[in-house]
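Multiple structures follow.
After this come two complexes, each holding subunit A, first together with subunit B and then together with subunit C.
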Partner chain A sequence: MSELILKKADLTAFLDALTGAYQVWAPAEVDGVVDYQPYDPETLIREKVRPRLSVKKFFHPQRENMFKYTLDPASEECNLMKETLPQDKRVIFGVSSCDARSVVLNGLPFCNDPTNERKDVYYQTRWDNTVLIGWGCDEPCVTCFCHATGGHPFGEEGLDIILTDLGEKFLVKVLTDKGRAVAGLYQLEEAREEDAKSAAKVAEKARAAMPGGLKMGQPAGQDMMGLYGLEELWEEIGSRCLNCGVCTYLCPTCYCFDILDEIKGQEGVRFRIWDACMFPLYTLHGTGHNPRAAKSARVRQRFMHKLKYFPDRHQKKLSCVGCGRCVVYCPVNIDIREVASRMKAS
Partner chain B sequence: MDEIVLKIRQTAKELLSEGKVDEVWGFAEPSIPMGCRPYVARTPEDADKLWWDSFCVMNLANFVPRRSDKKFAVVAQGCVSRNLVVHHLEGQLDLKEQVTVLGVPSIGMLDAEAVRQAVGSVEISEVSEEGGKVRVKGLGFDKTVSRLEVMRDSCKTCRFHNPVVCDIWIKDKTADEPNKDKNARVDQVEALEPKERQAFFEKMFSRCLRCYACRNACPLCYCETCFVDESKPQWLGKSVEMSDTLSFHFLRAFHCAGRCTDCGACESACPVGIPVRYLTRKLEADIEAKYGYQAGLDLETKPPMSVYLPDDTDDFM
Partner chain C sequence: MKNPYLPYPVRIDDVSVATTDRALRTYRLVFLNQEDEKAFDYLPGQFAELSVTGKGEIPIGIASSPTEPGHLLFTVNRVGLVSSYLHNMKAGEIMGVRGPLGNTYPLDLMKGKDILIIGGGFAFTTLRSTIVYLLDPKNRGDYGKITVVYGAREPGLLLYKDELAEWDKRDDIEMATTIDREYPGWTGRTGFVPAVAKEVCPPAHNVIALVCGPPVMIKFTQPVLDEAGYKPDQVFNSLEMRMKCGFGLCGRCNIGNKYVCKDGPVFSQAQLNDMPKEY
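The block that comes next holds the complex of A and B.
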């Protein structure tokens, strides 16, 4: 695929050129919180940032309407579930490599499960209709650890285009056909060989700046009951865990959901919403029995899922991309890096 | 090492080795700057892990055992002690028999979100304090701000810095400010027309994720099953529709009326920086105006919403 040059001075002109064919989203600050917002040249953040929420919301939104139906007996379509598919074509600008990788990882259970040929039509449609323009992380965040989860600050997995900051300009590396279609909407000059070389140096330097010694992959492959037996660990974390949804909702790779119906008058919608294994209701049975009644059991589940069950099922890949959001925003400082290093079955 | 940390460790060690308590609830050193890690020490060795700094903002009254036979000590500032009193009044624990309060009079705790705003970055690698200054280092910056600039709003408006009940003082008492005006937020909202108020709250809560960190960080929210989690029947919609989100926050705030000590744990826990105390402050102000009551100041007076008196305000009937 091609390598092009985008002058920083032309950044908004480039994004403006995409707005006809796509909804464009980019990081902006609203009330002190940086998040992906509808693109506006006035509020666009022109430096590399880690938005508070990940790109998960573009593929697995907090609320996804799945079907609509009518209960009106006079209607020919009474009681028929009609699929509602998202149609928007979107470009997300400024995506980190970790976030992009999460889209592929979540794609495993939703669309590419080894034991299930069916694809989740909602996730797949959004995936097909979304173009991710990445911005490599030349300075890793303080709490980042993508390298310890199988990623790289300039990783290309899941991205359609990746930008490398070369000072006054970006090296634009086009990675997919979707990316080529977007890059084709604006006149970009070809990169010279020395630009590509400088970009490679930036990526190498960023990788070298990542901290060493993390063992995120350690729990995978270990004996499940042995990990369950780490009572001191689960009890200690459980004693302070609030059982809120901060970690799961900010996490790019937590994808659990609940399915509900809402009916107003005769019109109904069936939708799915984010759910979290931290919530007691998540596992509550119809009988009233809850197999994960204790906080420690719920918090254990989250780490077992991300670091043990998911890799065991999906080609040893962790359900964690090392973005560090949970590390920063957990109100009681439950740090997944520390938990992973302590998950060692005796 | 900080004198407060040493005194907490030493006191905890004594209490645990003498068998006076089963547990000491405090904080451990966090893994990141501005982190807050509640911790329970059960052995004299555990006591060496106890920690204290200006970011220990979770309310420990939310973590201690309720309705149990355990004896325990708790590190407490003014607000935490008041929440222990509320627990006592609501029959959740016996403050006189069960609890040893280790009092840490507060000079105002700091707000991680305010620090991020002040330095314009979330990438913070080191935070240190000296005198009234906070030095913040991070990716490409090294800034010093005043303590007051990054103090939690709930601490700026706090009247009772000293624990109202205390068994062992970890540091010297400071002066309380019982007459401090703390109604700025209430006045701000009340000056708005009803439509403006609605817009004000809708904007504020539009980024709420329904993660329930505010509720779960609150020492008052100890219902076995919260009304939002009821499923048979389901009382409230579970998605992030504005009416559902607002109903959750409004109803939760009403449930805290006359019990809330304005400790600010809800705001500190919010991952998207929503100032949820705008709601609880209004109810706290109303309870004070109508009943002359402030929650958790003494061990005898029950919260007004949990008792009936013949001379209760009833002009709404």
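The block that comes next holds the complex of A and C.
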């Protein structure tokens, strides 16, 4: 795929050129929070930032209608479900490599599990209709550990285009056909060989700045029952955890959901909404029995799912991209890097 | 692309009160579209999501057998929002069925073997499906002796009483229907399921046991089977969990790295021995 040059001065002109064919989203600050917002040249953040929420919401929205129906007995279609598939074509600008990788990882259970004949049409449709323009992280944060989970600050997995900041300009590397279609909407000049070399140096430097010695992959290779039985560890972490669920909501690779119905007058929708293993209701049986009644059991579920159960089911890959959002925002400082290092079956 | 969340529309053909405490009702459902019935290709042990517009979905074991074409049977306990609403629905109303979901009882492995079926209380639905399937003339020759232990607290809480009586008359199935303790008018067997199982279970060689019941029944039945020499790979349990999607995605029904909805609901005792006791 091709390598092109975009002058920083032309950034808004480039994004403007995409708005005819796509809804364009880019990081912007609203009420003190940086998040992906509908693109506006006035509020566009022109430096590398990583929004508080990941791109998860573009593929698996916090609330998503699945079906609509009418309860009107006079209608021939009374009580019949009508599929409501998303139609929008979207470009998301400024995506970090960790976030892009999460789209591929969540895609494993949603659409790419060879043991499952059922595919999630909503996720797949959104994936097909969304183009991710990445912006490599030249200065990873101290809470970043993508490299320990199988990623890289300039990783290309899940991205359609990746930009490398070369000062006055970006190197634009087109990675997929979807990316080519987007890049073709604006006149970009070909990159020179030295631009590609400088970009590679930026990426190497970023990667080299990340710490070694993390053991994120350690649990995946261990015995499930042994890890499950680390009672002291789970009790200790469970006693600190508030079960607030912020980690699951901010996590790009937490994808659990609930399905509910809602009616207004005689019109109804069936929708799904994010749910979390941190909440007791999540597993509560109708009888009142709860297989994960204890806080420590729910904490254990979250870490075991990310670091052991998911790898067991999906090609040994962790359900974690090392973005560090859970580390930054956990109100009681639970750190998944520390938990992983302590998940060692005796 | 086929939408795995889309229920097939069905009409309630018949509703009957299943137990004298009126907490359970049995629904006979008929597909609105014939091609949907064809697509709903199921075997005993599987379950489906029953869908009611405006209320939601509930995962319920399929009580009918594929050898009974033309309709599906579900017996539903009144517990929450959807099941309570369902209990007020009447014949002729339209609802939805999504499935079939989950795995089946090990019907191939069971071939050529004697079958021990142990059920308790309301958990007799997929076992009914299995018994009807095994007794079908096309299948009966594939399986050996069939022994059924089925217990409930009192006679009025036994499901499918007419069929239990019919099976009792047959000589190709041994029925041990039991009530926990003496009850006015009950002339049949009394005693708890584990005790009855101990009495009637066939010798362990060449048997497959299917167990479905409340946790307390399972807890006390397992030692009986162990003592009788049943190996963990001869005993199959059907589990229940809170579920939403029904195919291993929404997250809540896992036990360790297995999903009850997708990898189960039927697990061998050998499998369960290697899984956390989180159910």
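FYI, the second predicted complex is superposed on the first by the 346 of 346 C-alpha atoms of A that agree within 3 Å, B and C clash if a C-alpha of one lies under 4 Å from a C-alpha of the other, contacts with A are read in each partner's own complex, and residues count from 1 in each chain.
Keep in mind that, in the parts below, contacts are C-beta pairs under 8 Å (C-beta built on N, C-alpha and C of every residue); 3 or more make two chains touch, one makes a residue touch a chain.
Please read these numbers as outputs of a predicted model, since none were measured by experiment.
Annotation: superposed three-chain arrangement on subunit A; subunit B versus subunit C shows no clash, the two fitting side by side.
Contacts of A:200 after superposition on the shared chain: neither subunit B nor subunit C is touched. Once the two complexes are laid over each other on the shared chain, residue contacts for A:246 go to subunit B alone; subunit C is not touched. Look at A:258: by the touch rule set out above, it reaches both subunit B and subunit C. When the two complexes are overlaid on their common chain A, residue A:284 makes contact with subunit B and with subunit C alike. Of the two partner chains placed around the shared chain by superposition, subunit C is the only one that A:225 touches, whereas subunit B remains out of contact. Of the two partner chains placed around the shared chain by superposition, subunit C is the only one that A:120 touches, whereas subunit B remains out of contact.
Draw one line from the C-alpha centre of subunit A to that of subunit B and another to that of subunit C; the angle between them is 90°, to the nearest 10. Touch criterion not met for A:21: it reaches neither subunit B nor subunit C. Using the contact criterion defined above for the overlaid structures, shared-chain residue A:208 touches neither subunit B nor subunit C, since it reaches no partner.
For the overlaid pair of complexes, the smallest distance between C-alpha atoms of subunit B and those of subunit C rounds to 6 Å.
With the contact threshold set out at the top, residues 258, 260, 284 of subunit A are in contact with subunit B in one structure and with subunit C in the other.
Those residues of subunit A that touch subunit C in the shared complex are 66-67, 69, 71, 78-81, 83, 109-110, 113, 116, 118-121, 124-125, 224-225, 228, 255-261, 263, 268, 270, 272, 275, 277, 282-287, 289, 291-292, 297, 301, 304-305, 308-309, 312-313. For subunit C in complex with subunit A, the residues that touch the partner chain are 1-7, 9, 51-57, 77, 79-80, 83, 93-96, 215, 240-242, 244-245, 247-257, 262, 274, 276, 278-279.
Those residues of subunit B lying in contact with subunit A across their complex are 30-32, 35-40, 58, 63, 113, 116-117, 122-125, 138-140, 203, 207, 209-213, 215-217, 225, 229, 231, 237-241, 268-269, 271-273. Only residues 30-35, 50, 52, 62-63, 139, 141-143, 239-240, 242-246, 248-250, 258, 260, 262, 271, 273-274, 276, 279-281, 284, 327-329, 331-333, 335, 337-338 of subunit A touch subunit B when the two sit together in their complex.
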